[in-house]
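Heads up, there are several structures right after this.
Presented sequentially are two complexes of subunit A, the first with subunit B as partner and the second with subunit C.
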Partner chain A sequence: MPIEHPKEETMSLLLSQPGPQSPTSSGRGFVVTLLLVLSVLLLNPSSLLQGDDPPPRRVKIRRSLRQPEPEPDLTIPIGIPTPAFAGELPADAIVKNRTGTYGGRLVYAILGEVDTFNPVEPKGATDQEIRAIVFSGLVDYNNGNWQTGPEVAKSWDVSDDNLTWTFYLREGIRWSDGEPVTIDDALFSFQAVFHDQIATSIKDGFKHPETGALPQVSIDRDRNALIFQLSRVDSQFLTHIGNVRLIPYHKWKDHLQDENPTLLQQMTSNAPPEDLVGCGPFVLKNYVPGEKIVYQRNPYYWKKDARGQRLPYLDEVVILLVKDLNLQWQKFEAGELDIFMELPADHFREASAMEKAGKADLVRLGVSLNSNWVCFNLHPGKDAETGEPFVDPAKSYWFHELEFRKAVNHAIDRDGIQRTAFQGRATPIWSSITPGNRSWYHKGVPTYPHSIDKAKEYLDGLGWKDSDGDGVREDDQGRPIVFNLNTNVENNLRQQIGNLIMQDLRKVGIKVNFKPIIFNDLVTSLRDSHRWDMILLGWGSGVPPDPANGKNITLSSGRLHAWYPQQPEPATAWESRIDSLMTMMDAELDDIVRKKYYDEVQELIGQNIPILYLIAANSYCTSKTNRLGNLWPSLLRPQLTWNLETLWIRD
Partner chain B sequence: MLTFTLRRLLSIPPLVLVVSLLTFLLLKAAPGDFYSQQEADPARSLTEVLRQKESSGLLVRLSQTQLEEFGEFRDDGSMWSFRDDGEKVPTILRDGIVVRGRSASRSLLNFQIESTKYQCDDEGVVYRKVGPIESFFSWFSNAASGDFGRSYKFNRPVFGIIAERLWNTLILSIAALLIAYGLGIPLGIFAAVKPNSLVDHSAGILAFIGLSIPTVFSALLAVLFATYTGWFPIGDMRSLDYDLFGFWGKLGDRLHHLFLPAIVLGTAAMAGYMRQARGNMIEALGQDYVRTARAKGVSHNSVLFKHAFRNAVNPLVTLFGYSLASLLSGSLLVEIVMNWPGLGRLVFEAISAKDEPLVLASVLISTLLLVFGNLVADLLLALVDPRVRLS
Partner chain C sequence: MTDTQPPQSNLPPPRGPWTMLWHRLRKNKLAMSGAAILLVLYLISCFGGFIGPYGSNEINKYTVKYGPMLLGGYVIEKIDELIDEDENFEEIIRDTYIRKWEWFEGGVHFHDSDGNFTLRPHVHPLREYVSWDAYGETEYILAEDRSISVPVSFFVEGSEPHEIFSLCGFFPIKGLPHLMGIAAEDHPTGKDLHTGLFLLGTDILGRDLWTRILYGGQISLSVGLIGILISISIGLAIGGIAGYFGGLVDFWLMRLVELLLAIPGLYLILTLRYAIPDELSPRQTYMMIVAILAIVGWASIGRMIRGMVLSLRECEYALAARALGGSSTRVILRHLLPNTASIVIVTATLYVPYYILGEVALSFLGFGITEPDSSWGLLLKDCQGSEVLKYNPWLVTPGLFIFLAVLAYNFLGDGLRDAADPRAFLGVSRKEKS
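This part shows the complex of A and B:
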C-alpha cells in the first residue's frame, strides 16, 4: 500500500504530487528481460451473483519480472583503486557475490536539491537517498530481492514473545575517519533519534500506536550487542531499525545535550565534507549548491567481493543537480549522464529510439507501485463555526449509496484512460496494491469492468433517471446529479485522466465539473476544510512497499483516510474490521499470515469502494549501453543506484 | 546632492517594512505552509510534523498552567478541559472523562478558543498557532537586530544560502547587461543615423524578434542548439572537471558555459535598448541645435556624439537604474531551463515551498537593489545632464 513518494520529485509525498513528470519509472535494460504477461481472468463478483450479465471480460495484467541478480565473472581485470583503501578488512566483512574492475566515475542527475546531509532528519526523498551513500544502518533493505539483510549488525535474534530484539555488531569496522565503529556509536545513534527534543520522522515507526512509548535501548558489551525492549509486537521493527543510520559518537557527543540539542544543526548542506563521517561505501568529496555532489570511495569500507577484493569499485560518484527534466534528458542523450531513472512518458519515444540505435538500454520494470485513484467525500461532519455540513446533503446522499459508487466505477473506462492518457503504457488497477508489487498483490479483489449498460442499470435501479431530458439524471427527489471533481493542477497527466472521467460519467447521465486546483489547496481541503465532492489523486510507494507503511491511509483514524479522515469511531462495520485487521497485521511477524489479513483489507475496500483505484503507469529506466556492470534494477527507488557499492564502469 | 542622497536613504526603512509586510501577508494568505507536503505524507506522523513546526516558530507549545487556565470549552460537540497531574503531558478530559491524547487529537487537532487557534497532537501536547501579524513582528524585530532567521528547508541562516548563489546570478546578469548595452546602443544609433536603410530595417526586425520571443523559448532553443551541434555545453555554469583546470582553462570554461545563457538574456533586453536609443537619437538629430552645429561646420562624428548622443542618453540612464533592480530576478527562467545555479532558481523553489524566511530575505535584497538602482540612475543623470539638479 501506499506510502511515500518522491518529493521533488517530487517531493516526497505521498499524495504523489505534482511530480514534474508523469508516469513511468524504471525498467531494466541490459539483459533485456521478457515481460511476463499473465492473463488473469477477473470475474466481476456482482455479475456472478446476478448471473444474467454479459460474459466476463478478460483483463490483461502485466506483472513485472524479477530482475535477475548479476553473476560474478572471475575473468575481468581487477584494476587499481584511486584513492586506495586504508586499514584492515574486518574478519567478518560482508562478502558480496560480485566481481568488478576498480576505477571510473558514475554520473547521474537528480531533480532535487540537498536540504541537509544530516541522516537523523532527512527532509525530502532526495536526502533519504543520498544519505544512504555515506551512512549505513544496522540492517539494510535490498531493493533487488525485496528483503532486509544484515549490514553493520552481523545478525540479530528475537525473544519468544517477540518483544526483545538483540542486534550483534560486526567487529573491526571503521568509520570513514579511521576510528573503530563501536557499540557506543550504535547506542548514540538511536539515542539521537529517540531524543525527546529532536523532531524526526524516523522516530514515528518506533512509537507505540496508543501511548507513543519508544522502545528501551540498552547495550551488552560482552556480546557486543544492542538490545531493544519493545512494549508491543511490531512486524515492521526491522524496517524502522534500517531507517536509523549510524553516526559516530566521538564526533557528535557534544551535540546531543539534554536541553536544546544542536545535533540537527550539524551536517547541514554547508558542512565541511570531513564532517560527514559515516560507514557507507562513499564519503562526500565536494558539494557545490545547485550544481553537483561528488562522492569518492570510503577507504575504510568493509565489504569484499567474490575475489576478496574490497568494495566499492567506483572511484567517484557524481550527482548533478539539474532542476529541469528536459535538460536532464538532453544531457543523457548527449552522453553526459550514465543513467536516467524514472523515465518520463514524454521521453519514452526518444529512449526507445536510442535503444534501437544501440546507444542506450531501456529497462522495462513493469507496473509501477504508484496508484491513481478517485475518491468520494463521505464525511458526515459539520463545520463547527457555521454549522453547515461539509458535504452538501444531496451529494452526501448520492455518495453514500453503494450502488451509485458501483455505477461510477463501471462507467469509468480504464482501458480508455490507459490508451489515451498513457499511450498504452499503464495497467488498470482495482486496489492500492498494483500488480507490480509481487509481495502484496491480490488477485481476488472485486473488479468493476467498464460497462455503460451496467452503470445505467444500477442508476435506473436506484430510480435516478433523466426525467427532464437534459441529459443529466435526477435522483429520486428530483435533484440533478451534478458534482465537482478536483485534482492538482501541477500534474498534466492527472488533468487528462480527470477530463476522461468527466466524459465517461457524462455518458451515463452524471454531470461532473472538473476543476484542477493547486496542490496545497487540495491537501488543505482534504485535511482541514473537508469541502470537496470527488478528488483525483495518487499514492506513491515507499521502500519497502509494505502496507503497514500506509496505516495513515487505511486506518479509520488515519489523517489520510481520504474519504472520511480521523474518524472518532469507525463509521462502518467494514472500516472497523479493517482497523482490527491492520492491528493484527502489526502484531504478526509471519508474512504469509499478514498477507492473508491484507488480502481481506483489499477485498473489503474493493467491495465497498469508498475509493476507486484506476490505473498505474508502467515504469522505465535507461542506462548507457553496456556501461555499467552489476546493475540490478528495481521497481523501488532509487531504481538503478541502490547498490552503488557493487556497480562498476565497464570501459 | 548629499541631502538628496540622504533623503533617499532615509526612505529605505519604511519602504522595507511595507514591502516585507506585504510579502509576508501574501505568503500567509495562500493555503498551506512549508510543512503541507509532509502532512500529506502517510509515512509521517502528525506529532513529528507539529514538532518541526514548533522548531520553525509556526507553533508555540503551551505549558500545562496555560492549558488549565482554558477552563472548559466546547469543541466538536463535547466539553473539554485540561488538568495538570504532574505528568509530562496534561490529562485531557472529555465531558469529564479522561481520554488519551491519541483519541482526543482526532477532535482537537484544530480547535479555537476566542479566535485563537490551537492544535493538539497524538501525545496530548497542545500548541498555539502563531498568527500572521504576530509572526511578522517577531520576524521583523529579529531582523532589525540582524537575525534574518533560518531557512525551514535548509535549516541554515538565510543569508549564507543566498550568498552561495548571489555571485552566480550576478555574473550571468552582468554579462547579459553588457551584451544588451554594448550591442543595443551602437545598433540603435547606427539605425538612427541612417533611418530606413537596410541596417535600420534589419535591426528593427531583430528587435521585434527579440521583444516577441519569450526568453524561456529561446533558452530551450539554445539548449537544443547545444545538443545538436555539440559546440556548447548543455546547461550548467562550469564543467564537471572544472577544479582540475588551470587559471586560463577555468576562465575559458566559464566563458564557454556563459555564452549561450548570456546571449539569450542579452538579446531579449537588447531589443528594448536599441529601439529606445534609435528613437531618442532620431528625435535629437532633428533638433535645431544639431542643424546649427552642422551649419557652423562641426564634424559629423562630433555632431553625433557630442551634441545629439548626450541629449539622447537620458532615458537610457533611467532604464539602467531599473535594470540594476532586475539583476537578481531577471534571469529566473533562463536559470531554470539552462540549469544555472543562481539565486532565481533558489528563490523560485523557496516561494513554491513557502520557505518564508528565505523568500523574505530575497525580497529584501531585491527591494534594496531597486532603491539603490534608482538612486544610482538619478545621480548618473545629474552627472550627464547639467539641467538636472538634485536638491
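This part shows the complex of A and C:
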C-alpha cells in the first residue's frame, strides 16, 4: 500500500470562452461596479443559466454499483484485424466469453513517465501498469471479479502441507516473435527475479520474513510443470507469482550471468521496440519519451473469444503521457481521449454535465479504496545526533493519552468534511478498509460519531480544562494544548479537510496550527526525521486489495507504520497482537479465517486509534459515450483498461 | 524689521520641486484615479476586519460555494422524482434538484418578507436541499428561500473579537462590531436554513469571499510596499557606493547585480523558498516572502541608482562638496542620493506591481501564504481547474482586485514619471507663462 501520491496541480489559470448570454436586469438589484459584472460575465456563467429542462421523470434508484460482467453478442460483425494474426491458435487457448469487432485504436492518458520497460524490475507505478500490456505472468488477477485466474499456466495445485506449488504450463502458445513459450522460459523468468544480484521489489514478496530464504524452483519436463518448494506457508504466494512476468529465454539467456548480470540494462526505455518480446496482448510499436507509447496487436496472442476469434480486438493502443491531471481532463473533454480513469473530485460536475449532454458515460464505481486519515506522532525515540526527543514531551504526553485521542476523534465532524470538501460524494470511514472493499470491509469496527459534548467530556475527565479563559484548554500541568497539523500543500482537498479539522478541534478547546507543506518534505518527516505532531495523509490501495499488501503499515516494524515506524519491538501489547495476527494471516490460506484475523486487527486499531481514519471519496471513471465494448469497470487500478485484450471500439 | 521683507510681487510664490511635481501630477486624471483606487484599496484592507461581515477564517460547512448576493441568487428547480425503497421495501420518493442562477433577482434586495419596499437592504436565507441521483448518490444544494427576507443590520456585533483596524496584520485594534452583517436575533430558525451576508459569494469552505479578500488585501498590498522599501534601501546603498567610488568596487558590485539579473525571477524566488525551512509561523512566512521578493528585486534598482550617481558625482555641487572636504558618506547621503529621489519614487511605484504579482505567484503555487491565512494569490489557488471557472466563476474575484491594484499602480507610476520628467517641465512652464 503506497502513500497516495498527491495529484498534480495545474500551474495555469485557463479562462473559458466568453458566453453568449447577457444578464436580464430587473433593476431590483444592488448597484455594483460595472467591472465586477463584466468580469463575471466574461468568465462564462452560461452554466449558471441552464437552458431547457427536461420534465420531471420517475425512475427507480439503482443502488448497486457492482459492475456486471459484459455478455457476448453473437450478432455484431467480426471485422478485419490489421495487422493480421500469425501462427496457429494454440489448442490450449483461453476462451473469453466475449465478442467484438476487430479494428480501431484506443487512446488514453497516464500521469507518469516510463522509467523502464523491463518487467523484471518495474520502477514506478507507471512501469507496473504498462508492463501488463506486453508481458504476461503464469497467473493473472482479474480486477472484475477480484480473483486470481490462470494465464500462461493453465492450472496449478498445492500439496497438503501448502508448501509445494506446481504450475502446469499451457502448450502451443508463442512469444510475440513467433518462438514457442516453453518451460525453460518460465524457469528463466523466475531465475532472473530470484538472482542474487538483481535487486527488484518483486523478489521481496517471496522472501521468508525472518531468514530471507527464497522458494526453490524446479521443472518437470514430462508434466510441463514448474514446481516451487516454499519454506513457509504463504497466503499471498499466488499474488507474488502473478507479479513475475515471463521473458523469453532464447532472447536473454546471455544476459543472466552469475556475476554482474546485464539483464536489467536490457528492455530499458530507449531499447528498440522489437526487443520487447512478450506474450501479452500487445507489442510495443513506438515510444516517444514524454509524449506517447503506441502498442499494436501481438499477432501470436493466444486467447480466443466466444466465436473462436482470436484476441485482442484492438489494432492499436495509444497511451499519452500527460503530466497534469487538468490537462488530461481537457484532452478528454476535447474528445482526444477515449477514457478517463480516476476522475478527480473537482471535475465531477463537468463529467456529469457531459453525461447529461450525451457526450460521455460516467461510471460510478462506489466508495474508493483509498483512505484519508490523520495520525498522531507516538514516536518515543530521540534524535541520535542532538539527543532531543522527536516529539515535544508535553505533546507526546497528550498524544499517548487514549482518552485524548478519543476526544479528538469525536470532535472531528466527518459529515461536515463529506459535505464541504466532497460535496456529499464520499463516505466516512473508521478503518483503513473502506466499504468499497467488499471482501475485507468489517462492520464491527468501533466508531466515534461526531459529538462535541462527548469530546468535551473526555477532556474534562482528563482534567484538561481551560483555566485562563483564552479558549484553549490546559493539561493537568498547565500547558496549553497546542500542536501542529501538516498535510501536503499540493492537494487542495486535503487542505480543505485540514482546515475543517482545525476548526472542529478549536470548538473543543484544542488549538491546532494547520500547516500544509510540500509532499516530499512531509514523507521525509513521516519516515525519517519523525519531527511532526499530527499528519493528514491518505493510503492508496494495491492490487489485489488484500490487507497483506499493507504489511509495511500494519506491522510495528513497518516503514509506514505511521504513528511509530520501524519499532525495534512492538511498543504496546495491542501492536504485538496485531503483529502476530498478521503473521497468522500469512500462514493461512482460507480467506474466511484470514478475514477473521484481519477483523480483529481493524478492531484493535479502532479501539486504540493511533490513526484516525476519516473519509473515502467516491470513485468515478468516464468514457466516451458507447465508445468501448466489453468495458468492465473495476475499483482497482487500472479501472477500465485491465482487460485490454477484450476491449473493442464501437463505431 | 519690516523693511527687510522682500517687495510684494504679483507673481505666484516660487514653488519647490515637490510642489511642482504634485501640481503636474494632479492634472493627470489617469494617475489620480490610480491613486484614488489605491487609497480605497489600502483603506478597506486596513479596516478589513470591520468592513467584512465575518471573521477571517469563519468556516461554515453549510454555505459552501454560494454565489455573490450582490449579483443575484440561486433558485431551486425540481427535475426528477426517484423511487427508492427503505429496509421494509416501502417506497420513498426522492427528489432531484438543480439550481439556477438568476441575475439581479433575490440576493441583496430592498423589500421585507411581506414584499413591502424598505430602504434597508435584505437578504434571503439559504435553504439546503438534498438532491438524489438515479444511483442513490446525494448532493447538497443551496438555494434561496424567497419566502423569507432577513434585514441586513449595520454595526452588528460579531461573535468573537476580531481586528477592527490593522496595518497588514500588525498593530491590530480589536473589537466586536462589523460594519454590516446579520444580527444574531434576525437569523430565522429552522432546519436546513443558513443565513448569511455573502456579498461576493462564499469559497470552497463556506467562508465569505468579501471578508477573505479584505484580509487578503492586507497581505497582498503590503508585501509590495514593504518589499519595495527594502529593495530600494539595498539598491540605494549598493548603487550609491558603486557609482560614487567607481573602479573595482563598482566592477564587482555590478557583476553581482548582473548575476542576480541573469537568473530568471520566478526560479530564483522558488529556489530561495526551498532554502527556507517550512516550520514558520504565518507572520514569519509573511516576512519571508517580503524578504525573498526584496532580495530578488533590488538588483535592477541598484543598477539604475549607480548610473545616476555616476553622472551626478561629476556635477559641480558634488565636486564642490568633495573639494570642501566632505566625507564620502556625507557626499553620498547629502548630495547624491537626494537628487535621485524623484526617479526612485517613480521606479518604486512602477515596481510594486511586480511584488504584488510575485506574492500572488508564490501563494498560488503553494509556496507563499498558506491556509488558514488569506492572500489574493492564495484565494486564486481555489480557482485552479476548469470546473471552478464554469460553475463558481465568482471565486475569481480576487483576481479582479489584483488586476485593479496592479493597474492603479501602473497608472500612478506612469503619471509620476511624466510629472518628474524635466523635459515635460519645460513644456508645462511654457504653457503656464502663456
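Rule of thumb we're sticking to: the second predicted complex is superposed on the first by the 587 of 651 C-alpha atoms of A that agree within 3 Å, B and C clash if a C-alpha of one lies under 4 Å from a C-alpha of the other, contacts with A are read in each partner's own complex, and residues count from 1 in each chain.
The working rule: contacts are C-beta pairs under 8 Å (C-beta built on N, C-alpha and C of every residue); 3 or more make two chains touch, one makes a residue touch a chain.
Small disclaimer: the values here were computed from a predicted structure and weren't measured.
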{"item": "First (subunit B), second (subunit C), both or neither touched by A:357", "value": "neither"}
{"item": "First, second, both or neither for A:566, with subunit B first and subunit C second", "value": "first"}
{"item": "First, second, both or neither for A:521, with subunit B first and subunit C second", "value": "both"}
{"item": "Which superposed partner A:424 touches (first subunit B, second subunit C, both, neither)", "value": "second"}
{"item": "First (subunit B), second (subunit C), both or neither touched by A:91", "value": "neither"}
{"item": "Subunit B versus subunit C as contact partner of A:346, first or second or both or neither", "value": "second"}
{"item": "First, second, both or neither for A:74, with subunit B first and subunit C second", "value": "neither"}
{"item": "Subunit B versus subunit C as contact partner of A:416, first or second or both or neither", "value": "second"}
{"item": "First (subunit B), second (subunit C), both or neither touched by A:496", "value": "second"}
{"item": "Subunit A residues contacted in one complex by subunit B, in the other by subunit C", "value": "11, 13-15, 326, 330, 333, 518, 521"}
{"item": "Footprint of subunit B on subunit A - complex, ascending", "value": "2-4, 7, 11-15, 17, 107, 113, 115-116, 118, 123, 199-201, 203-204, 207, 209-212, 264-265, 268-270, 286, 288-292, 318, 320-324, 326-327, 330-331, 333-334, 336, 384-385, 518, 520-521, 523-524, 526-528, 539, 542, 549-553, 557-560, 566-568"}
{"item": "In the complex, subunit C residues that touch subunit A", "value": "57, 59, 61-62, 64, 67-68, 70-72, 77-84, 94, 98, 100-101, 103-105, 107-110, 121, 132, 134-140, 204-206, 278-279, 281, 365-367, 370-372, 380-391, 393-394, 396-397, 399-400, 404"}
{"item": "Residue ranges of subunit A touching subunit C (in the complex, touch as defined)", "value": "9-11, 13-16, 23-30, 32, 35-37, 39-40, 43-45, 47-50, 53-54, 56-63, 65, 326, 329-330, 333, 346-350, 364, 413, 416, 419-421, 423-425, 489-490, 492, 495-496, 498-500, 502-503, 513-518, 521, 618"}
{"item": "Of all residues in subunit B, those that touch subunit A in their complex", "value": "30-32, 36-49, 51-52, 54-55, 75-76, 100-103, 106-107, 109-110, 112, 122-123, 153-156, 160-161, 164-165, 168, 220, 223-224, 226-227, 230, 234-238, 240, 243, 336-339, 341-342, 345-346, 349, 354"}
